[in-house]
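Structures are listed in the sections that come next.
Look at the two complexes coming up: chain A is in both, with chain B in one and chain C in the other.
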Partner chain A sequence: MRRAVLFAAMLAVIGSLARASDLPPDKQRSSYQDMAPATRAMQDADTDNPAMLWVLDGEALWQTKAGNAGRACADCHGDAKQSMRGTAARHPAFDEKLNAPVNLEGRINICRTEQQQTAPLPYESKELLALSAYVALQSRGLPIESRDPRLEPAISAGRAEFMRRQGQLNLGCVHCHDQRFGEKLAGSTIPQGHPNGYPIYRLEWQTLGSLQRRLRNCLTGMRADNYPLGSPELVALETYLMRRARGMTVESPAVRP
Partner chain B sequence: MARALINIPPKAKRGEIITIRTLISHHMETGFRYTTTGTQIPRDIITTFVATYNGEEIFRADLFPAIAANPFITFTTVATESGTIALSWSGDNGFAATEQVQITVE
Partner chain C sequence: MRLSVIPLVTLILSAAPTAMAQDALRPYTIDGDAISTSLTGEDGDPARGREIVANRLVGLCVLCHSGPFPEAPLQGTLAPDLKGAGTRWSIGQLRLRMVDSSRVMPDTIMPAYYRIDHLVRVAPAFRGKPVLTAAQIEDVVAFLATLKE
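Presenting the complex of A and B:
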């Protein structure tokens, strides 16, 4: 009898270990599907989606000459509708010079410092959000890609971060977003935590925000030590989230409650 | 200049009820918040929205601090004749924005 109980307990442990594995692609669910009809309607119509206000700014910035080089994004990249198609769906991407993955915001800032020869834009500034929203819009409707083998070390680092218990609540991302999605946390449906709509217009923020802002939100909620915006840890986490969400449709710029 | 998104059907039948949807960028600072050092952040909101159809006022709204950032205002009107629908927002610190949209009524 005692042996049977022990065996059942061992099975339960193995079961919980198996549950800690990665989210299978057939279980992927965009939080769009859990939103209220009114919030979905906001995202669906471009004239109702407040994120499009940033896109308009981004479109203007794309054409604005900046820096010592006196060049605009458009001077090198031309029409963003063609040149930036799919860009957001494959970022963070591997940068050979830095020998590390670089997210979309980082890529824009590399262009600013190296090509335009001007100061990088601060994270969550109106300009950087506007440019990243404009670039991300060009990938809307495309599937998320995560193929580059050079990203694997960052993906494993990000995955370890995702699985790691941290903070005063002693939680890992995995405990909510892989194991308890669809359940409730203080009345809100727990999402799977996919990066498929960033930058998002979050109703709670009443403004547009990046994926890193959202990640830092979660870390604060877990009462964990936070990483600064743009830190390699957050980029690694982004890289893992893109791998976890591969194949999902980009919704950027999305609306979230 | 504040950005605005406006959705008005470019064409309508005479007598048809049309829906006008507007969204404008504005941070709608309530005036009730304080900075970390304790100074009050002054109120900065849009206070009035007016829509005119060929110069005639068809809709007016007063806005208050409880209204969220980037206010979305939608209303309906009857398409009576071709012309211009002008939308204007005004608010604290001299905020003013105007947008005009042409409509053809057949």
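Presenting the complex of A and C:
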């Protein structure tokens, strides 16, 4: 009995030590705050934000009947402004059938295959980016949530991935995004690495891109073996990033340098 | 819109000439906090070393460091300025810091430039290769030694 108590106490200490390097919520800072005024202005005005072109396409796709079922998203979900409010703020979300977290793109594709009975949309395709931008827009201004206890295993896995060194350069996400944000990596200001603006219009890409595309960019920079788009490892990283960013305001679809 | 930011991926990855595929690294001996003898048995060339250091695709140094080589724009702020490195450290100390800085600073973020073990999930293109070749290391060391305060 006493040993069990001691063991529990030890675990608690180890746990709090392990958490010591996590970004504290009161230090959270969106990349938006470090962007040049011109880039901020682009994100602030819908008429200047290039991502809005994808949103318009997404709105049209939302209304378009598709697949063997001949149904549109709108046939099941009605007005996205109501039914999709908050959806992006709580994804990746736990899917009972898959017994795993699914991100927004994965969720859209589950609806495609199961409800519309048609092929899933490839990652980074114009259609999937358009639909995810349209859905994510409905959460703009809302705080990121990360409450479902069933997400904890994925959060732990994502956190372990974030903390460990990997690749030829032997760096971990933690080294740049927890310990050195605000510093310059060559010409780029290192952001905290939050998922609060995705999908983003990235000036460097000259197009819209998903969070997983961004994560793969960082892994490539670390000269690490990459994970495929849609892989459970990247979804776990997303799930951890959402926990780390809980309470931050959704900016989607944001503009980033 | 003028983009002043060079993409991270381009910076680190594109066309990065990696070390020639060598089956094994050349052996070296660590004396204290230094490697006293040249990895190649020859002296490096400081002019070539300067090019490696200033070229963000080859040396990667300026991602993290700044230093007295103005031909490299957009220098990083993650690491000490390299000005005076040749005064602070002997050639042997510089060589060990290039080969494997974790030998002297276990938690450092500076990559080991001449080590291929104890790395995980290395991208296939870089697997089994050090970041720089022995000859490139010697060139960089020779250049760093010229950075006197």
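Quick note on the criterion: the second predicted complex is superposed on the first by the 237 of 257 C-alpha atoms of A that agree within 3 Å, B and C clash if a C-alpha of one lies under 4 Å from a C-alpha of the other, contacts with A are read in each partner's own complex, and residues count from 1 in each chain.
By definition in this document, a residue touches a chain if its C-beta (ideal position, glycine included) is under 8 Å from a C-beta of that chain, and two chains touch if they have at least 3 such contacts.
Quick caveat, the model's predicted, so the values are computed rather than measured.
When the two complexes are overlaid on their common chain A, residue A:K27 makes contact with neither chain B nor chain C. Residue by residue along chain A, chain B and chain C are tallied for touches, and C comes out ahead.
In the superposed model, A:A186 makes contact with chain C only, not with chain B. Applying the stated contact rule after C-alpha superposition, one finds that A:L53 touches chain B and leaves chain C untouched. By the touch criterion defined above, A:L169 reaches chain C but does not reach chain B. In the superposition on chain A, A:A38 contacts chain C only, with no contact to chain B. When the two structures are aligned on the shared chain, A:E204 is found in touch with chain C, with no touch to chain B. On chain A, the patch touched by chain B and the patch touched by chain C overlap at residues 203.
Every residue of chain B that touches chain A in the complex is listed here, in rising order: 3-7, 21, 23-25, 27-28, 68-70, 72. Chain A makes touch with chain B in their complex at residues 45-48, 50, 52-53, 56-57, 203, 206-207. Those residues of chain A that touch chain C in the complex are listed here as 38, 164-171, 175, 180, 183-188, 203-204, 217-218, 220-226, 257. Interface of chain C with chain A (complex): residues 1, 3-9, 11-13, 56, 60, 62-64, 73-78, 109, 111-112, 119-127, 129, 131.
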